[in-house]
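Each of the next two complexes has subunit A plus one other chain: subunit B in the first, subunit C in the second.
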Partner chain A sequence: MDQILSIDKGAEEGVVRLLKFLLENDKVSGVFTLRRTTGKGFFDYALITDPGLLEDAIPLHPFMNVNGGKIISSLPPMKKPVAAVIRPCELRSFIELVKRSQGSIDDFLLISYTCGGSFPFDKTLKDNGRKLLPGYWKAVEKGVDPDNIRQSCASCEHFVPQNADITVSLLGEKDLSSKCLIYLHSERSTAMTEEFDAEISDGQLDMKRFEALLEKRSEQKEKDFKEIKIEDSGLDGMIDLFGRCIGCHGCMRVCPICQCVLCDFESCAYDPDTSVIANELPVRGGVRVPTDTVLFHIGRLSHMSFSCVGCGQCTEVCPADIPVSTLFRKTGEQVAGIFDYIPGRDVDEEIPVTIFKEDELSELGND
Partner chain B sequence: MTKTSIKGADISNKKGITEAILAFLEELLSLEDFDAVLIPMRVPSEDSYAWVLVNDENLLREADPVAPVMPVQGANALSSCSRKGEGNIRIAALMRPCEVRAAIELSKLNQVKLDTVTLITYDCPGALPLSDYIKDPVNGEKTFDSVLAGPGRDVESVKQVCRICDDFSMLPASDLHFAFYSESSGNILLIPGSKKGSALLKKMDIEPSVDISSWKENIEELKKEQIKRRKERFKKVKGMVEGFESLSETFADCIGCHNCQSVCPVCYCRQCYFDSETSRLDAESVLLRTESRGAVSLPADRVMFHVGRMSHMSLSCVSCGLCTDACPVSIPVADLFSYVADRTQDTFNYRSGKDKEEPVPLKTYREEEEKGINELVKGAEG
Partner chain C sequence: MPKEFKPKIISFLCKWCTYSGADLAGTNRMKYPASILPVRVMCSSRVNPVFMVKSFLHGADGVLVGGCHPGDCHYQSGNYFTRRRFAILKRIFDTLGMESKRLKLSWISAAEGAKFVRVTTEFTEEIKSLGENPAKKKVFL
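And now, the complex of A and B:
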């Protein structure tokens, strides 16, 4: 049973109130959340320590210019936990990063929400996002997919947060403009919010209300996965899919899981060697340069795909409009499935390739 | 372009520029002197172009010497097949002028070995924005056909930096140059720009005997117009970069993905300074900033990254525009950097990519610097 806080204010206002309370009363050292900047429709993530600046906060906005889980993993620990408001996929990313010693759960009071999806970059540039908000919230209230959300969001089945200290209920809540419902899952969250002014009750998020949306999302996922039939087309298919890849590695750089200081594929180990190229030339008649375009992606798939949470940042950043997220998520799900692993589900669930079991995958071994 | 005694060879081809260039390169490849030609080719999925080192004549026939887009900077492609290892591939590289200029800069920075490379340029009409082409490659091909056909230079469909490009023709660094921006005659001339180029034409029995002055005049006219357009555009850009407030607003959408740095030919550092340990936001910095400002924007130091990148590479910037193509939030990075680059290069009386022997200014120490520096310093002292 969760403790539920009910505030007679709009959902976002209610959350800002809670954040203000936590900061003003020294329950947390800071608040990590989205906020408006420069007053011209721009926004960014910020670590806020002055409660006065929380009036610019937009914690629940469907904007994700960077993966919040990746950002908070780079924050140093402060005296008290930091209250971080992030999307379910960002939270799952953070869990995967914690498993890789890139952060600690104890450093944060993790606040998430039932998520209707986020907009692609081009819908949030300048001030475009603002116009789309009323329609977005209406759809969220109905518990259906809002228009204009990312492809990766329209196929996301993990829109109910896992491992959060606090969940704000958005999807399917009848009136987000006048009521804010906050579910406290952890002892820590109940303790920190003891004196917060709100109606208290007990209850649990009604998972049944998400069934229809989940079904729709799963259908969309299957559809998206079918469009990338790599399993049938093999290497030729990869060459087609990544034909227009320019090797900028933006996908890797924005990926929350890709946290290596120097990516293997940018290290000396993968430097193009002119002798190799010179040898290949007469054999093939032509060599695409720079080399190893597809290798980078296969390599990245093998390094991180099973931890892929499908946040879609890679697709957003790609200058060549390649549906990187769909491929990575599809591959990741299948590989993780072999080990019954779901990224972001449980912080104690070990990453499959880090465990050795003597009796495993015998069907792949030799007799 | 001061030697008026230079002549060109008429290699006009009824089938057009592509055919003329390919025919020449096919002949070149058949010589013992070259291992490969570096030239753009359409990718198998037919939605973009990639650089290919070609050594098979049949494959060469499928190439597109003047490609509609520049997904990868030619200098980067050249660097990847000349920098490391004992391969020593003898390459004839057919690239846009800005790509050759970038290659010259990179050779000064030891990232490209040019001794076994013959640099071939052409009158560049500009390139289409990459995202426009990718969204609709069929339409992109049509659009570029009309861009190439002219008359004059397109200012609607090509990238913003191409609209204001003042260095779109033969370079001091060109060993050979394909000239087709001539009068209505529609001739295609092949002009040798160096001893290497002249020797090559001699070997191929191609005699430069045609007067190039009318072509030269035409180019000068076009250049004047481009310089005018460049000045106009920079008036607006000035307001976007001068002063911290303007910079902050210009880069407000930046997500710190570093794509611009990644695709930039001049930015060759394996690990960018701004990704290194030194630049990482440590605990103390976070605390200091939150104490003094009450908040820290994250990712941190995005404007700093751009200003830093400007200070690191603007002396070698060639205004190729790949940075704008790669930016996922449509910041006109190339315009901003071109403006700053022009000004920093002017200060040192330096032109990126012009002279292989001219060292990059910051690598030289002179007890008495050019006047420009002294004025700069005086100006800063207020």
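And now, the complex of A and C:
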């Protein structure tokens, strides 16, 4: 049974109060959260140690400029844990990174929430999305899909966080502007919030209320996966899809899973040298430049697709409007399915390429 | 008269087993198809899936990875990793609708010269029936 803290404040204010309490009472060394950068409504993730700066914190803001899971894995270890407020997909990314020795779960008090989704970049940047916010929160209170959220969010089935120390309940809570319900899952979080001024009760997050939304999102996912139609088009489809790739590698840089310092595609190892191009020209009659865009994407699929959490950052940053995220999620699910693996499910579950079983895949290699 | 199609099969062969198997075939004066272009690797797990993709996209009609039988790896467990990676790449090819039949993994030990001949002949026949790799003529690299 989990503990529930109920605070008679709006959800966002309640969370900020909790963060402030944790920081002021030295329960945590710092707080990682979204924060207004300037008065104009721009925002960024920040690691905060001065409680005064939390006045500008907007921890539940439905925008994801960078994947927080990737960012917290690069923070320095501090004396006590850092309270990090991140959405479920970012949490799953962080779990995947911890499996790759890119961080430690003990360094963070992981605070997440039942997530309605986040807005795409263009909506965020044009008018800071202010006009969209009232409608967004209304939809979250009803527990339905808000309008205008990212495609990857509208088809996300993992909106209830797992592995979090603390979950803020948002989806389907009727009174978000005056009530804040916080679920404590771990002993650590219970101990830290003992002296916090809030009503405490026992209970568990009611999963039944998410069933309708889960069903809708699963349907949407199937629809997205169908619409991308990659399996029908084959090689020509790949050329069609990635023919417009400009080779900026932006999808890789924002990807929370791609963390290798010595990345194959950042080196010149796979760049064709001029003689290769010269040799291929007589056969092909022409060579598309920049080269190897299809190789880059299939290569990346083979390296990390099984860990794809579907955060959608790659689609967001793609200047050529390639549905990278849908492609990677679709393929990733297929690949992870071989090993019954779900990215971000459990920190003790090892990534499929670092382990093996002796008696598996026996259909391969035997002639 | 149209030229007979002679496939090119890039073969990544483990030094300890399959490559020695190919050697054995040679010393026994057995004949294996000239379509096999061997690349010796120290272990089949040295083969990054990107090697296979690159070979495929640059027009190899087939890609063969040869390693020791499971349990016999010179480095204890390398081929188990190869097997997982190969399964992943094959699944990716299937999901993308690409010809995963052009990829092959085979366990051939140093003593199995005859098996090397059989497997490579069969694979060459299979590739012949599939025809040329369409990636060969595309205007992309």
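Just a few scattered comments:
As a convention for this text, the second predicted complex is superposed on the first by the 361 of 367 C-alpha atoms of A that agree within 3 Å, B and C clash if a C-alpha of one lies under 4 Å from a C-alpha of the other, contacts with A are read in each partner's own complex, and residues count from 1 in each chain.
Following the convention adopted for this analysis, a contact is a pair of C-beta atoms (placed from the backbone, for glycine too) under 8 Å apart; a residue touches a chain by one contact, two chains touch by 3 or more.
The structure presented is a predicted model; accordingly, all values stated were derived computationally and were not measured.
Overlay on subunit A: subunit B and subunit C fit together in the combined arrangement. When both complexes are overlaid on chain A, the residue A:H303 reaches subunit C alone and has no touch with subunit B. In the superposition on chain A, A:E231 contacts subunit C only, with no contact to subunit B. More residues of subunit A are in touch with B than with the other of subunit B and subunit C. In the superposition on chain A, A:R244 makes contact with subunit B only, while subunit C stays out of contact range.
Touch criterion met: A:E358 reaches subunit C, while subunit B stays clear of it. Looking at the shared chain after the overlay, A:G285 reaches both subunit B and subunit C.
By the touch criterion defined above, A:T331 lies against subunit C but remains apart from subunit B after alignment on the C-alpha atoms of chain A. Of the two partner chains, neither subunit B nor subunit C is touched by A:V85.
Look at A:C255: by the touch rule set out above, it reaches neither subunit B nor subunit C. By the touch criterion defined above, A:A320 reaches subunit B but does not reach subunit C. After superposing the two complexes on chain A, the closest approach between C-alpha atoms of subunit B and subunit C comes to 8 Å. Across the two superposed structures, the residue set of subunit A contacted by subunit B and also by subunit C is 236, 239, 243, 272, 276-277, 285-288, 291, 293. Interface residues of subunit A facing subunit B in the complex, by the touch rule stated above, are 30, 32, 35, 37-38, 40, 42, 44-50, 52-53, 65-66, 71, 74-78, 121-122, 125-126, 236, 239-241, 243-244, 246-250, 253-254, 261-262, 266-268, 271-278, 281-282, 285-291, 293, 316-321. In the complex of the two chains, the subunit B residues touching subunit A come out as 35-36, 38, 41, 43-48, 50-56, 58-59, 71-72, 76-77, 80-89, 130-131, 134-135, 248-249, 252-253, 255-259, 262-263, 270-271, 275, 277, 280-283, 286-287, 290-291, 293-299, 325-330.
Note for the complex: subunit C touches subunit A at residues 48-50, 53-54, 57-59, 67, 70-71, 77, 80-81, 83-89, 91-92, 94-99, 105-107, 115, 118-119, 122, 134-141.
Note for the complex: subunit A touches subunit C at residues 230-239, 243, 264, 270, 272, 276-277, 280, 283-288, 291-295, 298-299, 301-303, 305-306, 330-331, 334-335, 338-339, 352-353, 356-358, 360-361, 364-367.
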